[in-house]
Every structure is written in C-alpha cells, then in structure tokens.
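Each in structure tokens, the structures are laid out below.
After this come two complexes, each holding chain A, first together with chain B and then together with chain C.
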Partner chain A sequence: MEIAAAVASGAVAQNARTYHRVTDLRARGEPFTWVLGGALCLGIVMIVGFLLLVLWNGFLTFVPRPVAVVTTTAGKVSAGEVARTDTFRPAPDALAKLAPDAQEKIKKAEGFAGRTLYRIGNFDLYSEDFRWIDDNEIKSTEYPKNIVYVERQEWGPFIGTVKAITLDGKPAEGTDFSAPAVASAYSEALARGKRVREIERDEIGNVNHEVERARLAVRKAELKSGRDSQAYKDAAAHFEQLSVDSRGEYERLTAEVQRLRSINDKFTVTFAEIGGREKTVPMVNIVRAYMPNDLSFAQKVGVYFSRWGEFLISEPREANTEGGVFPAIFGTLAMTLLMVIAVAPFGVMTALYLREYAKQGRLVAFVRISVNNLAGVPSIVYGVFGLGFFAYVIGGSIDQLFYPERLPNPTFGTGGLLWASLTLALLTVPVVIVATEEALAAVPRSMREGSLACGASKWQTIRNIVMPRALPGVMTGIILAMARGAGEVAPLMLVGVVKLAPELPIDGHFPYVHLERSFMHLGFHIFDVGFQSRNSEAGKPMVFVTTVLLITLVAVMNAAAIIIRNRLKRRFVGSQF
Partner chain B sequence: MHRSTFLKFAGAALATTLFASTAAVAIDVDAAIPSYQKASGVSGSIKSIGSDTLNNLMTLWAEGFSKEYPNVNIEIEGKGSGTAPPALIAGTSQFGPMSRPMKAGEMDDFERKYGYKPTPMRTAVDALAVFVHKDSPVKCLSLAQLDAIFSKTRKRGAKADAKTWGDVGVTGEMAAMPISMYGRNSASGTYGYFKEVAMEDGDYKDSVKEQPGSSAVVQSIASDKGAIGYSGVGYKTADVKTVPISAKEGGTCYDATSDNAYAGNYPITRFLYVYLNKNPKQALDPVRAEFIKFVLSKQGQQGVIKDGFFPVPAKVALDDRKAFGLN
Partner chain C sequence: MALATATASASTAQPVPQSLHFDDTVVHVKRGTQGVVLDIKNLDLFYGASQALYGVNLTVEQGMVTALIGPSGCGKSTLLRCINRMNDLVDNIKITGSLSLHGENIYARGADVIALRKRMGMVFQKPNPFPMSIFENVVYPLRIDGVRDKNILQETCERALKGSALWNEVKDRLDQNALGMSGGQQQRLCIARAIAADPEVLLMDEPCSALDPIATAKVEELIHQLSGTYTIVIVTHNMQQAARVSDNTAFMYLGRLIEYGDTEVIFQNPLAQRTQDYVTGRFG
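Up next is the complex of A and B:
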C-alpha cells in the first residue's frame, strides 16, 4: 500500500518534472540565462578585483608606516619600515646553527620559518636599501619615538635620529625639528632653494636661449648666403655682441645663485643612523621629515596628503623612482587631446563620405572591411609606421626645409609629441569611423527625405538634420578612441615617449608650444619604474600609484566626454519627430 | 683584451686601500677625481640613445647636469647597447651609452660615414653579477660551470651539459631541481659581454629566457627558486644574491664587490662606456664637453655609486678627459 502510494506519487513527480523541464528549461532558455549571467558575473568579479587590487595598493603607498628597530640574536641592529613578509624553508646547515627552541618551532611548522623585509633606507651608508631579517633571529623589536624618517632630494630616505641642527653655521639648541626657530629657518632655506631654481631655470634660461638663437641665426645665414655675405656678418656680429653682453648678466646671476647656495650650506641637520654613523644633510635637501612612531592621526593624514601633493605636482627625482610625475601627467593629457583633435575631424569626414555620399557598392564595402581590419593591426606596427613615415620622412623633410641650421641635431626628424599624437590618431581612427557610421545609419531616412523635400541641399541636410542627431553616437566613438589612445604605450616608445623629459612641450620661449619635443607618459612611466629602475622593490609601490593615476585620468577624460554627450542628447531630444 | 686593459688601470695603491675595507662599508669616489666646476654659456639639448644597463645612470647624470644647467634639454632612451651605434651614425643622438665596447663592424660603419672613429668614455666599473634566488644554496661557480649552464656549445670545456643544480655541485633537496636560466635580449650589451667573456663567444641555449631589461632579469630570479641569471651588479635587490665566481675550475671564488672588481679578481668585470661622435680636428661643443666633465667628476661618479655600480679610478677619469681634449 505504502509502496504503491510512493510509486504513484513518484510517478506523478516524475511526470511533473518532465513537464516542467520541457516547458521551463528548454522553452524559456533557462540554461542560457545562467551561462550568460555567469559570464557577466565573472567579468565583473575580475574587473572589480583588479580595480580593488590597484586602488588598495595605490592608496596605501603614501601612508606613513612605523619604523621598527630590530635587534638580532647576533647583535646586529637595523631600523626600517616593514615592506612585506614571507615564509621559507631554511637550509639544513642554517637550521643547525639556530637556537634549540627556534629549531623546535620550525620543526613544528613543518620546516617553514617566517622572515620580514625591512626598508632600511640610508643607501649612501649601507649600499642596500632593503634587508631580509629571519623572524627566529630577532631578539627584540622596538618602536622608539625619537626615530625620524627623512625624505631627501638625493639618495632616497634616511632612517635614524636627529643628532644636531646647525642654523647659519652655529649649532642650534636641542634637536627638535618642530621648534619655531628651526621651522622658520627650514622654510627660509626652501624659499632660497626655490629662488635658486627660478634664477637658474627662468633668468639664466632666457639668457642662454637668446644666445642659442643668435648662434642658430649665424648658422642659418651661413647656410643661406654663405660666409662672405653681409647677412652672415651681421648675424655673427650680433652673436658676438650678445655673447659679450650676456656674459655680464650671466655672471651676475651665477653670483647670486652662489650666494644663496652658500647661505643654504650653513643650514644643515646632522642625522645618525641606528648604528651611530652620522650624515649631514643641508636643510634645503630635506623634502620631508617626520617621526613615524610618534605621529598623531592628524599628522599622519598630513604626511599622506603632502606626499600625494608632491607626487602630482613635482618633477621626478632619482631616475624616476622618487618625486612626482607632473611631466608625465601633462604629457599624457597633451598627447591624448592632440590625438582627439586629429582623429575626430578625420574620422567623421571619412564616415560621412562613406555613408552619405559614396555609392554603396563593392568598392565601398571593400573600404569598410579594410577600415575594420585596421582596428586589428597590432599597435606596435603603427609605431613602426609612425617612426618611419612621420618622424623620418615628413619630420626629416621639415628639418631640411625649415631647420637646416640645427642639423645634424634633429628637430622634427625624431620622435616627438606631434608624431606620437598622429600615430595614435591613425591607430584609433577605425573606432571613430565605425561609430560615426553607425550613428549616421541610425538617423531615420524619413528625416533626410523631409529635409530634401523642403528644398534643402544635400550638405544642408547633413549639416542641419543628420549631424546633430548623430553627434551623441560620434561622441561615443571619440570616447572609445580616447580610452584606447590614453592607455596605449607600445607604439609610443618608438615615436617620442622617453624616460626623462622634464621640459614640458609648453614654455615661455617662442613659439611657446613645442610639439617636436619628446615627452613623458604615465603608461611608459609605469613600465619604466616597474621594470627598468635600479631597485625594483622600491619602485613597486610607485607602479601602483601611477597606475591609479592613469586609470583616474582616463576615467576623468571619459566622464567629461560623456557629460558633453549627454548635453548634446538632451538638446535634440525635444526636436525629434 | 678588454679585461687586460682593465687590469692595467686598477692602481695597486687603490686596490690595497679598497681591500682593507669590507663590503658593508659604502664605496667612495677616488679623491683624486676633481669636483665639477660650472661653466658659463651652456645651453642646447642632449639626446642619448643606447644601453639599458646605463639607462638609470644616464638619467641620474642628466638630473645632476640639469641642476647645474636647467635649460639644457635632455632626453634619454635606453633599449640596449645595440641601438647606440646606429643612432650615433644617423646623428639622432649625441651620446651612445654602451655596456660593452663597440664591435669592429660598428666602428667601421661609423668611420665610413664620418672619416674618423667614435671616441669612448669609460664612465663606470661594473662587475657583471650572476644572480640566484636569495634562498639558493649555491656558494661558488666557475666560469666553466656558468658556460655549461648557459651555453649549448660549452667552449670552456665543461664535459657535460648542466641541466639541474646537482650538475654544478649543489647537494641536498635542490640537487634535482632543474636550472632555470634568465638572460638579456640580443640587443643588450650585457648579453654580448657575458657571451664573450663567460662563454668564449659560444652560443646561448635556446632555453635561456630573454628579458627586456636588467631589472626584469632580477625580478624573474626573485620569484623563481631554481633561477640563475646575469645583469649589472647595480640592479641587485634584497630578493636575490650574487654568486661568487672563479676564473678557473677549483680556483678561488670572488664575489662581485668593488674591491674584487678593481683588483681584477672578479672575472666578468667591465667598463660601462659612453660613445661620442668627436671630430678629432674640432673642439667639442660646450654642452657635450661639460656633460663629459660632469660625468667624470666627483658628482658624476657619486651618481655611479647611487646606481649601484662602482666609480672609475682617477687615472681612468683623467685619461678619458684628456682624450676629449678637456682638463
């Protein structure tokens, strides 16, 4: 009875299931919903994970960390920030040398022991800036409050204690860095340092620039009308005169720089590293000094933001591993904007012709396929093309025609901002063409016909009816192009991006905008700091910070373009049929 | 040949003073190298194309130099020593940093165009270090063992190919571990120099993993316990260690320290060069002349230390200044 009931109910259930499977799963496409949804989830998880990793590392880099003073059982003392920890299997001979209790502990952990990497700084004294210390060799770890962490203009950080402060050649009382007399002397020293840079960069720079121009004018006159001509003699006389005139000015400025420097040399701080060796640093070379084990929360926040500030607005130091990335930010922005200026009209015009004017046939289809295929060409190929065609052929000819006096030093005949932008414009033009064509195709035929029926010409129709409605779509194309262009590095390495080019493409000398100059780029900076710098360990945090910055920059540029697009959309939404 | 010139320059007095010091003590610039004196009327631009090993060093010099002359526009590109001669010949660069001496063929190409040879400047001393993972038990390797590890031709006469760490005398649990080799790409001067000196111009094995930069070699070794690789000693990090090298099988092993490099004991020591296009009949233009003076000055050589390489002895610095007609 029972069994029969069970069988019966089972049969019913079976029937119900079969019924269910047929109508629900297959007919409603349930498995596909799951597969597609799963794929989306996987994508989101990967993107979010990647962003979190980059942001987490990037935003934590500038947090001031405590400095530990570690004494090993052998009596060696090191002071440093913890960089990271690691587990390893000690070699048998090293294991045998350890204390019995430490051996016991390692045995319990199945042969594994821990160790910690400390950033000990003081590269000028130690010839190393990171040190591994095995956990079982550590006798004691302390966090003394008087330890200072000093960021210097040269040689990287110094970790130690303040031994003495010298103000104007005389020893100051105490070693307190925040005493009013010391603080004001420090800001004065920085002001003098800034003045020195101003004189050297702007004032001496102007003198040098004038002399250089006069020298080039002489060379130009020589090339144009020969050494015997009046023009050459005039130019040469002018050059001579200018050289003599400028020497006086130059000497006056150099003397001023010398004076300021010698004053700054009298304001110094003497630090002692943890082993007692001393190092005297001029105040002007101290970027930042703080006591990492004695910081209030507000002070920590202060150090954190002052580091971000330095990173965003100053120039790189120490072969790009320290200081800021301002030239790279500027270079990335300038290049991307120039690229947009080049790619937008070119791409839109091409698409307009293809969609509106050209007779749709085999030839146009072939052109369209070619454009689509261009998007699949590896970017380095564009780099090679840009170098060969833009820099060597076009740039070389420009140099021959307009800058013969500067040869053999190339002006436009080598990689530069202009050529890099044009190369990237070529790289991204298919994206704009395809997007614009789609947008044009989406404008209803009836609107075109209405316009034409009212007596408008073809161009009037395109300008007043088709283009305004296609603009949001065109903007989408430009946004995509911008995002692709800003993140591209490989072709740029061939056509103008360099490791160090602190001179911006814009300055106070005629013609003010120098598109021929090489430039720095955030993407290349990431590659350079991560894989080319001397100490890759010290460079790693900078890689994350720069990545965060590059992602932010691209996001901001895209957001700006999206806002513009939405405005355009709103403007035309009311006027649609 | 280059090593013998090297030995000649290692002053005996210098070597003995340096021997007295230990490796932990920071290296200092030879006191006989003069401090840099600023000159007037220097402006223009400098472009350097060449070695990746020297890339950071050139950048450090450029930073120091532009502190003295903020208006000199400096651009630096470093993709390998092999890119230096073509750029010098084409005139797209004024400085050609190279981590190996220029080959005869490259010299000839240059001479064909200009009628004279390029002039080298010896800027730093590098002990081309052989790195292994920091936990690796390797204590010492001979050049013949290195040859057996990296080369398929084994011109140094090793009898058998070294495939596992046990083949080069490592005992314990790592003996069965295969050796994983890292090296530089063929445009690199480091690649060329290692091939010439350690392998007597033999061929690299195909299994050597070629890396685009010296730092990339070190990073790869840092994450691979069975790894071995070579690059400039300046790129050492806390995650790798240098292997002492002996010139002969069973000979004394010397570590890649400044003392061993100066004394000529470390067998793969080299100069790092910067080549220039100097017309012997004309004086150098002020920018290049001042840059050379800067590099071969106390400040410039401190930059060498900062980048982890060793400064040149005073005699070398003064000789090279003379070669360019500078005092």
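Up next is the complex of A and C:
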C-alpha cells in the first residue's frame, strides 16, 4: 500500500521536473574543475620552473666555456669567460665621454646600455676575479686558440698562454702540454703531491695522535690517582719515551716532505697573462689545464665529467668555492641516517602509546595538539635547544664523566654529528608521530578484533597485526621527516655543522666512528659558498651545483624509502576483493 | 528459580518441549546430555545512552548448536560478542547482568579475558584475514601461544583448512598472502583460523553470508561434524540454514530475546506470535 503510494508520488515528481537537453554547465561543475585545474597548473609551473632553473644552472656550470680576448676602445685587453650579461643606465658624465654613435645607440634604447661580466681569473695578479666591460667600449673580441685555462690549487683559475715548461730544473722543448715527457712529469709530480698529503695528513697525524693519547693517559692517571701514584709515573714515563721516539719519526717524515717538495719545485710551468705578466706555477698545483678555444666535442665532454668527478669525490679548496664537496655529501648522508635511526623508534613508540594505550581524553587531546604545534616552532629554536641541552648539558656531563682528561677542550660538550642528528630528530618527530598515529588509526578494527578473538594479548595484536599493517604509513612519516631534516640548515649551524671539516666522522683511529666530530653539510655549504665567501660571484655556480646535488640526494633517499614502503604496502595492505 | 524448573521439566520429558515464561521470553530448550556451557542472566547492554540488549536470559547447551535469528539490528552480533568479551573494545559501553562459562562469571573482576578468548573461536560477519601468508593466518592462534613445532603447525593448518573446505583450493599456495584471496575464501580462512586452536565454544556471526552454496554446504557439514564435541553459537539470517544446522534457536527482536527453544518448534510451530510472524516472513 505504502509502496504503491511512494511509486505514485515519485511519478508525479518526475513529471514535475523539467528536463534540459544538455545538462546545465553549473550543474556539471565544469567551472570548478577549471579552477582546480588552474590551481594545480600554477603549482606545477612554480615547482617545475624552480627545478629547471636549478638543474639548468647546475648542469651547465661545469661546461668548459670559450675564453674571449676583449680589446676596449681605450686599448685595455682582458681575457675571460663570459659569466653573464646585464643592462644598465650609464651615468650622464660617463655617457658624455662616449663616441657619438654609441651615444646615439644608448639613446635609442631609452638610456640603457649593455655590459658583460667576464671571469678573468688571475686573482693573484689582478686582485679581482671578475670584470664588467661595457658593450660600447669594446673594440674587438677574439677567441685565440692558444689561450689556456688553468685550474690551480691556489688563487683560482689562470687565463693566459703557456710561456715555458721547466722539467727537473731544465727548460723543456716547446710549450705543448700533451707532449709525453710533460704528461709523465705531470703525473709524477701529482703522485709526489699526493704522497706529501698522505704523510702530512695520515702519517704525521698518526704520530700526533699517538703522542696525544699518551698525554691524555698521563692526565687521566693524574686525575684518577694523583701525581704520586705509580700509574701516573708509568704513564708519564711512557709519554716521555713516546715523545722522544716520535720526535725522530716526525723529523724523518718532515724531511721526506721537504725532499718531495723540493723536487716538485723543479717542475714548473710559466704562464703569461694577456697583458704579458708572467707567473710560474709548480706543476703539482695545476688541477686541470685546457685550451678552451681549441677543444673538440669529446674533449669538452671529458673536461665536463672530470669536473663532476672532482666535485663528487674530492675535498673543497679555495674557501669552498672550488674543488669537491665529498665531506659535505658524507656529512649530510650520515646525519640524515642517524636522524632516521633516532626519530623512527622514538616517534613510533610515542604514537603507539598515544593511539593504542593512552585513555583518549582531554589530556591526550592536549598532548596531540601540542605535538602538532611543535612542527610549527622555528627550526632555529630547536638549534638553540640542541646546543643548550644536548651539547652543553648532556655532552658536558659526558665529558665530565668519561673524558675529564681532555678538558677544558670539549669532546661531546660542543656541537657534533650526534647532537645535530638528535636535534633534527627532535625537529622532525612530530611528523613521524602524526603520520604513525594516522596509520594506526587506519588499521581496520576488524583485524584487531580478529587477533584479539584468537586470544592474543593487546601487545601481541599490536606487534603482529597492527604494526605490520601500519608500517607503510609509518614509512610515509619517515620519508617526510627525512625530506625535512635533510634540507634543514639553520639549527645545524648551532649544533655542529662547520664550514670546513676535513676529518670525516669515520676514520682509522679507534673507535673509528666519531659522532662527536663536527661535520660538513650540503645545505650549509650552499649558504656558505653563496653568501659567506670572499668572492660570491665565483661561488654562485657552485651554489647551483650543490643545490642540484642536495636535491638529488634527498630525492634518492626518498625514492629508496618509497620503494620500501610500496613493497610493504603490497605485502600488508593488499586488495580486499 | 524458573530456570531450575525448566531444567527439571526438560530432563523428564525430553522429546516434547515445554514452554515456560521467564520475563517475557518463551523458552522450550532442547536439553543436551552434557549440561550447560554458557549461562547468560539478565544481560543488559548499553552503547552509550542507547540500550541494545534488554534483560537477555539464555543458556547454551554443551555440544549443541544454537542459532541466533532475528531482523537486522536486533542485537544478535552484540549478544554474540558479549560471550567472548569482544565488546570490551567499544568505548562507552555498559554491560550489566552475568554471563558465565561453566559456572564461572566471565565478567567478574579480574577475570582473565585472554584465557577466556583462547577457549573460544570467533568467526566475524565480515572476513578479516591478517596481512600474512595463508599458513600464518591459520596457525596464528598457535603462534601467539608460542608453538614453534613445524609438524604441529602444519598438521593443524591442514586439519583446519580441510575443516573449512578450503584445503583443496590453497594447499599449493599456503605461503601466499591471504589478502590476495577472494572474499569467500577469506571467510573460510577465518573459519579455519577459528577452529585451528580447538576452541570449546565456536562463535559464528553469519559465517556463510559471503559464501557460495557449495562452500556454505561444506561449512554446514563442518558444523555438523563439530557439534557434539564443540558448542557452537551461530548467527544467521538464513532460516533454512538455522533449521538445518541448529538444535536450538533463539529469536531476538529489538534487543529482547522473544523465544528460545527447539529449532523444530521454532520453525514449525512457534509459541510466540512475533516468532511466528518472523519465520513465516510476515515482517522483518
């Protein structure tokens, strides 16, 4: 009866409804789709634009560029790579001095003139690396084939011509760099240079390390049992003995270094800059030399990749604006991994307690809000906290307890890899907690019930059923934390990142892993090279390259985590049909 | 007092069920020979402010199959979940009355819930396999008891899967993920899991709602096999199934137990008017 009535009224309603042939545009919601699509496009354009800018600049930095020799109307000659061009408005009095046709041209361009920045190198001779030259003043531009571009260990690049080559004190025939005699002399000189570094860094370092250990042992014995004890006397005697022994060793090593250096001093190349001034450079100081205006395509590719290779595996030189960033790559990776090791268990345990064990009430809601708000605290505040709490309080106590002999030099009582990782862990823990909580909440209740109904305890249920199922979500949290942590710089400056740390946190001295050491970080490196260096123009390309590297590193770490997460997802979540 | 009378009269006149009223429930239980396993007295249950069960009194006979029927939302699942204290997980729930297993109140203070649940197996209305291999799913109850012996685990797995009519389909892929199975297979897997640890009482909440007729027949056969040794409480919407597999049937309506007694009587000649209406399909 009722049903019949309902059907009848439905029929009436149908008749009352008006039908359009085409559904109204507003009803279809098309305009909203356009707005949403537009928003998406804008977002994508911004991100892609940024990435393209960074990638474009980053990947072009190492391309060898031709060197132009520019003669101005005033007769001044400069040689350099074009760094960038610019337009500017010349001052009226400068304008007045120009040739009439140039003045005319500037007037046409509404008072604007062009200029070009050349990287002229030869900082030791010119006291400048870059020079602006107005386009109007240029008389001629040439690309002579005999110009060489030399990357040196010191003073940055040299641009000029080869005047003479000296091998073992005697002038060599010709000025050809690729002649076999020169090439082999060069590689021998490099080998000697490498040996010198080995001796200075590792072998003398080892000697010093031994002596330092003996000295610390003396200090320790003194602190522990006093100056009159036998232990102190033994240690002191050992120290004396070692100091004497090491002196001999030290002298032998320095003599060897002297000898190698004096040999290397006899292998030199004399260059002349474009104005004719000469500069003699020991071969060992030449990192790379090529003729930029006379390179075949293959040679260009070779220079390009050899620069990338140097960048990735060697240490920085020239106040970080040249050379490689290997210590920074290592530091970034080590810190991020340590951070994940710290943040994952901590965040997961917190979330487990909050979601599974705590009685859901006002207190828990308050804690949850506080955790979420922590994510909004400026990261520098975490840096201050990390320095005060981790380094000074905890690190200071560790020093008092375990390394009293080294005081007043701090061991753990100052910024270092460990404290930086823990500070970042603290910074990113809200992300992990929130993601984990969400993942736990998403575990179907029926699964928990199934486990409990089998007689599993709550903990067994969490461990066997809930955690595996929530793991992909937890991984998402860790990925986000990692991305945030790897890109963070501000707090690190306070808790252990430094401009230059040649000693890696892992080396051959016991205990091999030195978490207390300060380290380098790609993010800080970008800041340092771009804004803190003597010559920020020279550092600029390095900023882009380092940014490309940092982005790649974060992307690779994230990709690895995402692959793991997808594996877990396939295994634990699956389809329900 | 009324319960005592019921027991006495039932044991004297076994074949002809007698009707008895306590509270409003019509009772004519077919008594088993092994006594009572579960004794539910005056069970009231509140989800927050709304009451889902009203003074339910029910005794479940050992070794017999008891079916719970009634329209959707009448509280069958709720009652079933009280038996293994699954409702403890629900927030804001209040349960009064008593529920005893072999005379032991399972809602007593300090009762060991985990031990209680180990004596019962449960099959849920919706399949809920765990995100692990088929094998691990079946032996999960043994795993959590710390059983490591490969042979025991394998035997148990095979026996349980055969019991739930799944063995032939999955015997070659025991190490595959259970989440990759079809819905019906998943449900049979859950049945296998429920019987793997030899529970005394098997609680089944519409176990066959996702199964095809062949699997349903197998499960019913399993229930037949198990009855006698195990006590089974089964919720079902399928009247024929209730009539086929159960010894006693309880008819619930709006949170109240209307009639509880011999299945044959319930389906052929119910004593309460509501039961009559329901089993003949006049409302529901």
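By our rule, the second predicted complex is superposed on the first by the 544 of 577 C-alpha atoms of A that agree within 3 Å, B and C clash if a C-alpha of one lies under 4 Å from a C-alpha of the other, contacts with A are read in each partner's own complex, and residues count from 1 in each chain.
Assume a residue touches a chain if its C-beta (ideal position, glycine included) is under 8 Å from a C-beta of that chain, and two chains touch if they have at least 3 such contacts.
Just so it is clear, the structure is predicted and the values come from calculations on it, not from any experiment.
Per the definitions stated earlier, placing chain B and chain C onto a shared chain A by superposition produces no clash, and the two fit side by side. By the touch criterion stated above, A:Met447 is placed in contact with chain C alone, chain B being left untouched. Of the two partner chains placed by the overlay, neither chain B nor chain C lies in contact with A:Glu278. Chain A has more of its residues touched by B than by the other of chain B and chain C. Of the two partner chains, neither chain B nor chain C is touched by A:Glu240. In the superposition on chain A, no contact is made by A:Glu30 with either chain B or chain C.
Chain B and chain C never share a C-alpha pair closer than 51 Å once the two structures are laid over each other.
Across the complex, chain A is touched by residues 23-24, 26-27, 38, 40-45, 47, 52, 55-56, 59-60, 62-63, 66-67, 69-71, 73-79, 91-92, 94, 134-135, 137, 172, 212-216, 218-219, 234-239, 305-308 of chain B.
Residue ranges of chain A in contact with chain B, taken from their complex: 88-89, 91-92, 117, 123-128, 130-132, 154-155, 197, 200-201, 204-205, 208-209, 211-212, 243, 246-247, 250-251, 254, 317-320, 407-410, 413-414, 493, 498-503, 517-518, 531-537, 539. Residue ranges of chain C in contact with chain A, taken from their complex: 84, 86, 89, 91, 114-115, 117-118, 120-122, 124, 126, 128-132, 140-141, 143-145, 177, 179-180, 182-183, 190, 193-194, 197.
Residue ranges on chain A touching chain C, taken from their complex, read 360, 444-457, 460, 464-465, 468-469, 571-577.
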